[in-house]
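The structure's right below; bear with me while I get my questions together.
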Amino acid sequence: MATVQEFSFAEFVKSILWLTFWILVIFTLILLPIIFIVLFFVPAPEIAGIEMNPYLLLTMMVNPQIGAPLINLTLDQPFFKVAVFPGFTFAALFATAIIFVERKFLAKMQIRVGPYYAGREVFWWARSLEGLLQMLADLLKLLGKEVIIPAGADKPIFWAAPVVLVVASSALIAVIPAGPGWVIADIDVGLLAVFAILGFFPLTALLASWASNSKYPFIGGLRALHQMIAYEIPLILSVLGVVILSGQLNLSKIVVAQEPYWYILLLPIGAFVFFITALAELERVPFDLPEAESEIVAGWLTEYSGMSYGLIQLASYIKLYALAGLFVTLFLGGWMGPPPLAFLGPNAPSGVDMFGVELLSTQEAVGILWFVVKTFGVAVLMLLPRGINPRIRIDILLRTGWAKLIAISFINIFIALALLYLGVAGPAGPVGVISP
Amino acid sequence: MSGAGGMFKAIESGTKHLIVRRFTLRYPEQKLKFVGDGYQYDPKQGVGIAGYKGRHILYHDKCTGCQLCAIACEGIAEAIGMVKIDKTWNHNKKSIMPQIDFGKCVFCGLCVDACPFYALFMTDDYELAAYTKEHLIYTPDQLAVKPKYQGNVEIKIDDQGATHG
Amino acid sequence: MSSQGDQPEEGSQAKAEAKPEAAKPEAAKPVVQKPVEIPALEKGIIEKFTGRFGDKIKLVYAKPKRIRFNVKTEDVLDFARFLHDEVGFDQPISVAGVDYPKENIIEVVYHIGCCTKPEYTSSVFAFGLKLPRNDPKMPTLIPVYGGVEYHERETFEMLGVIFEGHPRLERLLLPEDWADIPPLRKDFSIKGR
Amino acid sequence: MGLPPSMQVEESEEGRILTISVGPQHPGSGHFRLVVKVDGDIIVDADPDPGYVHRGEEKMCEYRNYIQNIPHLERPMIADSCGILYPFCLGVEEIANIPVPERAKYIRVIMAELNRCIFELYWLGIYGIFLGHSTMFMWPMGDRELLIDLAEAATGARVTHAYFVPGGVRNDLPENFKERAFRQLDYFKHRLDQYKDIFYNNPLFLDRTKGVGVLSAQDAINLGVTGPVLRASGVKHDIRKIEPYDVYDQLDFEVYSMNTGDSYARAYVPLLEMYESINIIKQALEKMPSGSVRTKLGPNPRGPAGESFKRVEAGRGELAYYLVSDGTAKPYRVKMSVPSFRQIPAMSYLLKGSKLADMPAIYWSLNYWPVEADR
């Protein structure tokens, strides 16, 4: 009979203290000397007229005024935009928030509680926000799980697929402007880039499913392929109306082109088709056939476990954020407030200042706020069908995609063309507004 | 588009339930109230008295060690065994009393039906989790303790929906 | 229940006494009572069968809404066809096998209900076959009642009755590595009892 | 690209057929295996393989006396534990000639109908999640609590009640049961109305179930299916009506049937039956006389040698027990004819030729419970 080793709290604490001790010893005896030797030979960089050195960094912690220009400078760095805002970190945090909201929202709709205990005892002020730390708990759980690779799996592809998915979905964020000037890659073919990147997902899903060397993933992968290809065409066609009206592929300029009227007012059908196809692209209910658990277990995710599964989920939620952001950019006027608020002008709240250094201008701050709020709203709308719809069947899905949605999106294109030729709206702006 | 109406109704129904009160029982903070004081049996009448079928309670001053509960359990769960006890009672010459293994018990209550001396009843206590199997075996002394179970909620129904407590 | 301790011996004795009753004299007993209490509906059904099959079948009992005949193995297909087509009992409910080691027979009892004829829907018609215990063989009734396929497979597995002509007479409920006698026979006993 | 290595081995000669083992470790199967062969998305063959939870209930019955058989006989179907015990008690009463007090008959009907609702809700919840409708999983599971609460108040256990005994029921209903039941059943009826909006009239649900897995009345009878499946095919066959047991003949209720015989009908008939069950429970609570609820018996009831065949209408359909007694205190043979086992032939019959995506919609609409079928 196997004896279970008794858990001793004293041993546990002792091991942690022992570990801390060794880390401190290594840091002071090895790492600190190395840093100082390097600093001795390498001259400190000079940024914004201030010579950078470790002492300055330390004093910054006490007196942030010293570091304010530095922070301002950092905000302009491309690396900050890629890594923090509006890049990966922001997207990941947004995705986490979306997951939490989804769970609570769905629970409310289903007359239950949802995440409840995690975080309830930690923050006494967060009693009403039960389950606040649930996402952290889930992350820790996924990190602690073993990643099982099935025998006979194609290991390189199997490992690479989650990473590729995260990279591809993060790449989507690059072209989406989160505020005036707040875009990682302000390129003139932004919309084309979005569709180029979206083309990665079905291929990656198929590769992941094929590499799993199992039957359910394979069927799921084929379903994902069918579905995403069938829905990519209406997705592109629905956006065509926007391109016709704005005459742009650059997403920032598309936002600017929506100055008086958001395109959802001019092209409601296009917005509808885009919303539906975005749901299908995201494999969300009612289009979650590739993950239909009652037929094919978990579809192409079946063999993934632990953090590789976590990465796929993260990728899918980042993609949700990206597509919601794209919807906002294309149809809801991006960072612009609703038309009435745009006239507030000087009464609008001031920007984000830090000890006299303006980090964000008023326009930027309000733009970012509006973008986040709108994106969040669209994301919640995308979560809503999960509570009220069953899963659709593959043949109905394909028929809807190929026959109905494409036809509707053609109607949308004709509406856009009509608006263009009637002069109601167009690259030159609406009638009566003199274009610069 | 005949489906649009149905879809609209479904969305309406779903959003309507965002304001319906939540039905979940928050278990360790809320506990259900039960009817009566546990399942009991009246051998004279031959019928039971409604109540929750939880852990048993054994009245030492009534148990005669007749083994009827153990025999009743024989074909069901074989959870009841008769063990020696230290004390001697006048009415229990053999000084044996039932010991119940709650790892095996199915809580059917037929042992209560078998007891002709009002000695073995059931109580409201259902929180019997233990770390080892041995802890699930309740000796006659443990069975004699009356559990301190306090249910505090029951289903309430109003216009806002049903809820616990 | 206090006599539970010595139940096994008592039970086996009682079984030994009761066995002959259960199978044969019981069949004779209701015949005596029959003229007294058979309702008209059941009587009509019985007359249909006695008119058609005569002495080949034997009435076991006829309670209200329950009739049972015993049929010989060679007549069973004809009997079932007659029951299905002419009388109208069309819904198979159950196929049960009962083992009588003392008599050296295995009884297979079919219970057939009726869905379509309103006058018979409340009745259940049963017919039994007595098969030799060492070689229990009978023709399958799938051609008549399609629904008995899995019931017969179960009976095959649990009692070892071979249904000739059955398309898939193979393992159904028991584990794939079952290597014992069919478990519902009386000489198979549960471990420890 | 070709198929991954593991799949190439299992390809058949046609080179198109893929064999999928749905179960026993599959979220959409239960303790049960369905060997499905697909050609593309079309199922060409479906072979049900029950037996993963076979525990020999029939053999166990032969070793226990009639009372001791009660707790283990309800284990195969704990979602409907009164329903599966009901015919056993009726059969023992016939064999041992035990009278049942009138009040006990009413209580039995109430509990059987409560259990029918509890079962149908459980089934409906799983049907919802099988079609990917998570709200339809949570709502019935939550509303089931309203009825489990009633059952618990009456019997003292949430699912495995062990409440019916030969000669009546174990104990009388608690004092304020009637008011409580009326209050909760009214709310439950209100909840059932909500299901229609979000699930039964949802166009996506209609797309998935209408015209899927059509079983004609003739096939349904010939395959021997029973219960809601049979009634969905247009055969009004309900044991409560055609062969009333206990006090069903004194209650006024309707038997619902639909003519289409597709998955939608099979899902809709249980909903109508739940409405009818509420009606029956309310009637029975009103009409219930006072008096004793259990005939006092010795510990080992026994009857003369003989046999009985008793059937009731459980949630899944006609549930029958064939009891053979040899005069001792233990049954000589107990044959359970369970509805789930009788639905198996329909399963492969309906799945052949349908789409893989229709598998959950058909499979679960058949009301098949692996544990009950295996016994």
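For this structure, a couple of remarks:
By letter and in written order, the chains are A, B, C and D; residue numbering begins at 1 in each of them.
Note that a contact is a pair of C-beta atoms (placed from the backbone, for glycine too) under 8 Å apart; a residue touches a chain by one contact, two chains touch by 3 or more.
Keep in mind it's a predicted model, so treat the numbers as computed, not measured.
For the interfaces A-D and A-B, the C-beta contact count is higher for A-D. Nearest to the common centre of all protein CA atoms is the CA centroid of chain D. Centroids built from CA atoms put chain B at 50 Å from chain A. In terms of their C-alpha centroids, the spacing between chain A and chain C amounts to 68 Å. With centres taken as mean Cα positions, chain D sits 26 Å from chain B.
Residues of chain D in contact with at least two other chains: 63, 135, 142, 198, 202, 204, 207, 299. Across the assembly, chain A contributes residues 109-112, 387-389 that each touch 2 or more other chains.
For chain C, residues that reach two or more other chains under the stated contact definition are 1.
On the side of chain C, the complex with chain D involves touching residues 1, 7, 10-11, 14-15, 17-19, 21-22, 26, 65-66, 90-94, 96, 98-99, 109, 111, 113, 115-116, 121-122, 124, 126, 145-151, 154, 158, 171-175, 183-184, 188, 190, 193.
Residues of chain B touching chain D in their complex: 2-4, 6-7, 9-10, 12-14, 17, 23-25, 32, 34-36, 38-39, 41, 45-53, 72, 74-77, 106-110, 113-114, 122, 154-155, 157, 162. Residues of chain D touching chain B in their complex: 63-65, 67-72, 135, 142-143, 145-146, 149, 152-157, 160, 162, 168, 170-174, 183-184, 187, 194, 197-198, 201-204, 206-207, 292-297, 299.
Residues 105, 107-113, 116, 384, 387-389 of chain A are the ones that touch chain B when the two sit in their complex. Considering their complex, residues 1, 3-7, 18, 20, 26-28, 41, 128-136, 138-139, 142, 198-199, 202, 204-205, 207-208, 355-360 of chain D touch chain A.
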